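Here subunit A shows up in two complexes: once beside subunit B, once beside subunit C.
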Partner chain A sequence: MDTIFIQRTDIGRWLDRLAEERTVFAPTRRDGAVVYRPYRTGFVLELDAMPTTSPKEIVFPQNETLLTYSRAGNASGGAPKVEARETLPEQKAVIFGARPCGVNGLGVFDQVFDNDKTRDAYYTARRKDTRIITFACDRPRSTCFCTNVGGGPGDAAGSDVMLYPLGDGFVAEAVTTGGKAMLSLATGAPAGDREVAAKALVETAREAMPEPLELARIRENFDKCFNDMEFWEEQSGKCLSCGACAYLCPSCHCFNITDEGTESEGKRLRSWDNCMSYTFTAEASGHNPRAAKAMRLRNRVGHKFVYFPETHEGEVACRGCGRCIVSCPSSVDIRQIAKAIQEYCDDDK
Partner chain B sequence: MTTNNPLMPLMATIVETVRETANIKTFRVRLDDEAAMRDFTFLPGQVGQLSLFGVGESTFVINSSPTRMDYLQFSILKTGEVTAALHRLKTGDRIGVRAPLGNWFPVELLKGKDILFVGGGIGMAPLRTLLIYMLDNRNDFGKITLLYGGRSPGDMAFQEDLKEWAARQDMDMVLTIDNPADGWAHEVGLIPNVLKEMKPTPENCIAVTCGPPIMIKFTVMALQELGFPDESIITTLERRMKCGVGLCGRCNIGGKYVCVDGPVFSWAELKDLPQEL
Partner chain C sequence: MKQSIREALPGLDLVLGWEQGWDALHATPLFIRKAEDVDRLILGPTCVQSLAVQLPSLKGKKVGIVVKGCDSRAVVQLLRERLLDRAEIILFGFGCDGVVSLKRLTKVLGDLDSVTSVKKTDDRLVVESPDGRREAAFDDVCAPKCLDCAWPNAVESDHFAGPRLEPRPPAESKTALERFEEKSLDERFAFWKREMERCIRCYACRNACPMCVCRDKCLAVSRNSKFVSQEANPSESFMFQLIHVMHLAGRCVSCGECERACPMDIPLGLLRAQSTAVTEELFHEQAGTDPEAPLPLLTFKTDEETIEERD
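Right after this comes the complex of A and B.
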């Protein structure tokens, strides 16, 4: 059956069965934050709150090894033997409880990390065998604006199974054949009328979302305000350059590469990085093309709303999840910045 | 690239080193896999990422010419951790190489044109590869002029080349240093000023420049003053790069990535990008 109703109390049993074959990453509470962790029996699921982190960490971990190296001395006094070994990951995973905005963020990753020109071997190794079970949202947060940027609380694109919350359970709908296989492991009853009721809740949520941003106007005005440093200083005044926004964002994908180890052995790591930090663009000569905080925030917002759409058929890289708004320690709000660009008028400047 | 993993370097061996100046050293390397070395192709302007495992990776232009494939040459200015560590390497040492990366000089477009090279400091490296390529295909190009400047006589890299180029009848060369120095028989003055005195004619001429950001800026202004249209000014840019293949998001200027859309740009292209050089 493609659509069934699963009781909340049966979810654990379903995950147990899924976990026999794949690593299931599911949302749980840690120190007040909702994060994805590998599911094991006895795990306390957090099924209602929007996860603080995004599913990107499952296919693009905060830290991963790209290669290991070794350098062995040569007894005869010749040059030492140096070797580098590729360390490609293997992962069969299920992301359980992603939100549509988080799944949408992976859409940005797919375009950047797996296209005709470049294929990131590490990302694609994890991504190709990752299935996604998404929670549709019936109660968006006040910071959600996914409908402004092409998404929606019931958006099924990229998901294998959609779960629509309803009362004491979920209406579960298989979106792909992989999703159907996963759903066949669940204990459920025919959905019947509950499918209509659950989807109506999500539709109501959709209608309650804020006024759309005028994306074309933002793009047009960005050029106009680009060199108005007063404007950007105002927008970035409160920003601490901490990078939390980028780390939590489902579509931010910047990284650093560093070596860790001794001269004789060690590994090369890739770790998340963020364009809000000064060192991100500091050149060895001392020159820094984005030396001021205002320039760095301009780049982050520009990348989301202007640069990415320029190269990806108008698609905005911000997925409207609001994570950066909720978790910014100084309440910088990307919606307000987008709106300020939209309203920017340089006639009177 | 012979591996499908763009972040995985190939091993290579340093076959020769040349001390250029107090802080610039040249490394000639060959890929260890003979077939990979034989099949290696690139065009002038493309770069590579050199790895010293345990220290890190940095970007350098392949400054040898594809017309001379005995080795790949990189000339490295010592400025930080990786470059300082690379400077300690000797012939026979092994490093990692990811190359070729990035775009190249539009050689087809340059055919039949006069070419004016303006290089400053280590910025001479990307010009060297194109200049040698042109000298090896001399009949394809018009008049070739090089203006090369360093801070002092001791900062002039590529001495072997400079001797050879000075002796050639089929190119002109002007050398300059910032301040007068004993025994210096060439020009004295900043590159943009010397350039203005040279009064090169912009007609059918393409200017190719590279150097520190401030030098590029004033050189471009001087070229514009001399009547060079933006389409006829080509430069190569630096950025703090990591992945070199458009993934890490570090090197963007607006929607363009210096690592894949560059490092070679015409001034006409750059002018239309967000002004964030």
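Right after this comes the complex of A and C.
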């Protein structure tokens, strides 16, 4: 049976079983923030609110060690002995409680880190055996706009199991064979009529999503407004140039690599970086091609709506999750910026 | 307020204020450049951001700024540190009766979405959304700083709109800091370990701080200094917080912007409150309340009245 109904009260038992074989990353509350943490028995699950952070951290952690090195002097006077050891991660994981937009964000990562030209060993080591259990959204937030960028509240692409909320439980549907295996560990009843009811709820939610964001002219207009610094200063004036939007974004994937340690031992680290930070493009010479925050915000929006689509068959990298809107301390709204580009007209300048 | 901005605007490059953001619960900074922009200005309990954070980067322009009491303290402190030029700044002050903390509000009323109206009536906050009308006692949902606000009126202003308000009396019950300090060192350490564990090092706390002036050249991210490792763990994140607190010692104006900006809801204000309590006790003064007063940490005295250096 591929579709069952699981009571909310039975979810914990299911995760207990899943956690015997895999690390299950599930949402839990930390004051006002909802984060993914490894599930253990007794864990307090947050089954309703959308997580503050995105699921990307499970396959692309905030920081990871790429290699460790050591260098020892040679007693007989020859060249010192230098050793570098690669630290490839091992991971068998389940992401529980992602939303379709977050899962779609991983699609961007897959395209960047695992393609015919580039295969990132660290990313793929985590990603290849990570399974995903997704919540369909029956109540999108007013900041959600997934339907404008190719997704939707019931979008199952990339997921192994879909959970459709209904009353005191979830209709659970296996999407892949891996999902089927995971679902076989759950305690549930045949979904019956509830399947139709639950999917109808999500369909109603999809229809009620805010008015479409027009993006048709955005690529063409971006070229036109690229050098209009007055326009970009207007768009970015209130932005504080922090990293909240990029670090919470399910598709932002920029990183920095640093060596930390001494001459005799240390490690090479990879950590999240973001284009809103001044140091992102600071060059060793002291020159910074993106010295002003207007140029940095232009890059963030440009990457999402223009540069990524140019190299990935038109696909927009923003997945419409709204995290950057909800968590921005200045309430910068990326939809407004996209709209301003779409409506940009240089005729009257 | 709108009237005085309209009148002053021709002599200014811009005026910083607030307008409604993506819903009625979220105000967002407004850059007023043209007369018609003035119509979008709002003043009220959602106007949380301190616009003073923008001023240092606007140096050289003639800038008007709308300030609550706490915001004006940041401007005054920046002036006092000669980081701004008084001749370039026009302050539009008003008497503020408190702003909302979205974090406290959601704790009391639950997640609020598509809010269509937010109104403060006497001591209640009324929020309307398609889910219906919900209300709470204002003191339960306001920013913690507003509970015992001693400076509701702009400390300094060129134009002042509306009536001047009475300061709130100091809190009778113990402050969060006093309660925290009763805990043992181990308990306090465990607390910060748990809180800092979710820090994503986005530096929103730093960039929202009107008194942070290094920002792009921050010790925490500069590539060679290695005061803080890139490794993501509570002790590194806490180290960054200590850098920020130390750089704010005697300068922090208790505006709470650091804590408000944190997307991970880490109670950063507690650290600042601790350092502020120490500097206020030592130097008998509050940052940002007197533009003429000498800066305690930049003033040399052979004998400090409050510091015992030798027997």
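FYI, the second predicted complex is superposed on the first by the 349 of 349 C-alpha atoms of A that agree within 3 Å, B and C clash if a C-alpha of one lies under 4 Å from a C-alpha of the other, contacts with A are read in each partner's own complex, and residues count from 1 in each chain.
By definition in this document, a residue touches a chain if its C-beta (ideal position, glycine included) is under 8 Å from a C-beta of that chain, and two chains touch if they have at least 3 such contacts.
These numbers come from a predicted model, not from an experiment.
Peer 1: Should the superposition on subunit A be reported as showing a clash between subunit B and subunit C, or a fit?
Peer 2: Partners fit side by side after overlay.
Peer 1: Check the residue A:S76 against both partner chains and state whether it touches subunit B (first), subunit C (second), both, or neither.
Peer 2: Neither subunit B nor subunit C is touched by A:S76.
Peer 1: Determine, under the contact definition given at the top, whether A:N63 touches first (subunit B), second (subunit C), both, or neither.
Peer 2: So A:N63 only meets subunit C here.
Peer 1: After the superposition on A, what does A:T258 contact: first (subunit B), second (subunit C), both or neither?
Peer 2: After superposition on chain A, A:T258 lies in contact with both partners, subunit B and subunit C.
Peer 1: Quick one: classify A:T41 as touching subunit B (first), subunit C (second), both or neither.
Peer 2: So A:T41 meets neither subunit B nor subunit C here.
Peer 1: State whether A:T177 touches subunit B only (first), subunit C only (second), both chains, or neither.
Peer 2: neither
Peer 1: Output check: A:R290 vs subunit B and subunit C. Expected answer is one of first, second, both, neither. What do you get?
Peer 2: first
Peer 1: In the superposed arrangement, does A:Y122 touch subunit B (first), subunit C (second), both or neither?
Peer 2: In the superposition, A:Y122 touches subunit B alone.
Peer 1: Could you tell me if A:C242 is touching subunit B, subunit C, both of them or neither one (first, second, both, neither)?
Peer 2: second
Peer 1: Please state the minimum Cα-Cα separation between subunit B and subunit C in the superposed model, rounded to the nearest whole Å.
Peer 2: 7
Peer 1: If you lay the two complexes on top of each other, which residues of subunit A touch subunit B in one and subunit C in the other?
Peer 2: 256, 258
Peer 1: Write out the stretch or stretches of subunit C touching subunit A in their complex.
Peer 2: Contacts found on subunit C: 21-23, 26-29, 31, 49, 53-54, 103, 106-107, 111, 113-114, 198, 200-204, 206-208, 215-217, 221-223, 226, 229-232, 257, 260-261, 263-267.
Peer 1: Could you list, by residue number, the parts of subunit B that touch subunit A in their complex?
Peer 2: 3-9, 11, 13, 51, 53-58, 79-80, 83, 92-96, 212-213, 238-240, 242-243, 245-250, 252-255, 260, 274-277
Peer 1: Within the complex, which stretch of subunit A touches subunit C?
Peer 2: Residues of subunit A touching subunit C: 30-33, 35, 49, 52-53, 61-63, 139, 141-143, 234, 237-238, 240-244, 246-248, 256, 258, 260, 269, 271-272, 274, 277-279, 325, 327, 329-333, 335-336.
Peer 1: Across the complex, what residues on subunit A touch subunit B?
Peer 2: Against subunit B, the touching part of subunit A is residues 66-67, 69, 71, 78-84, 86, 88, 112-113, 117-122, 226-227, 253-259, 261-263, 266, 268, 270, 273, 275, 280-285, 287, 289-290, 295, 299, 302-303, 306-308, 310-311.
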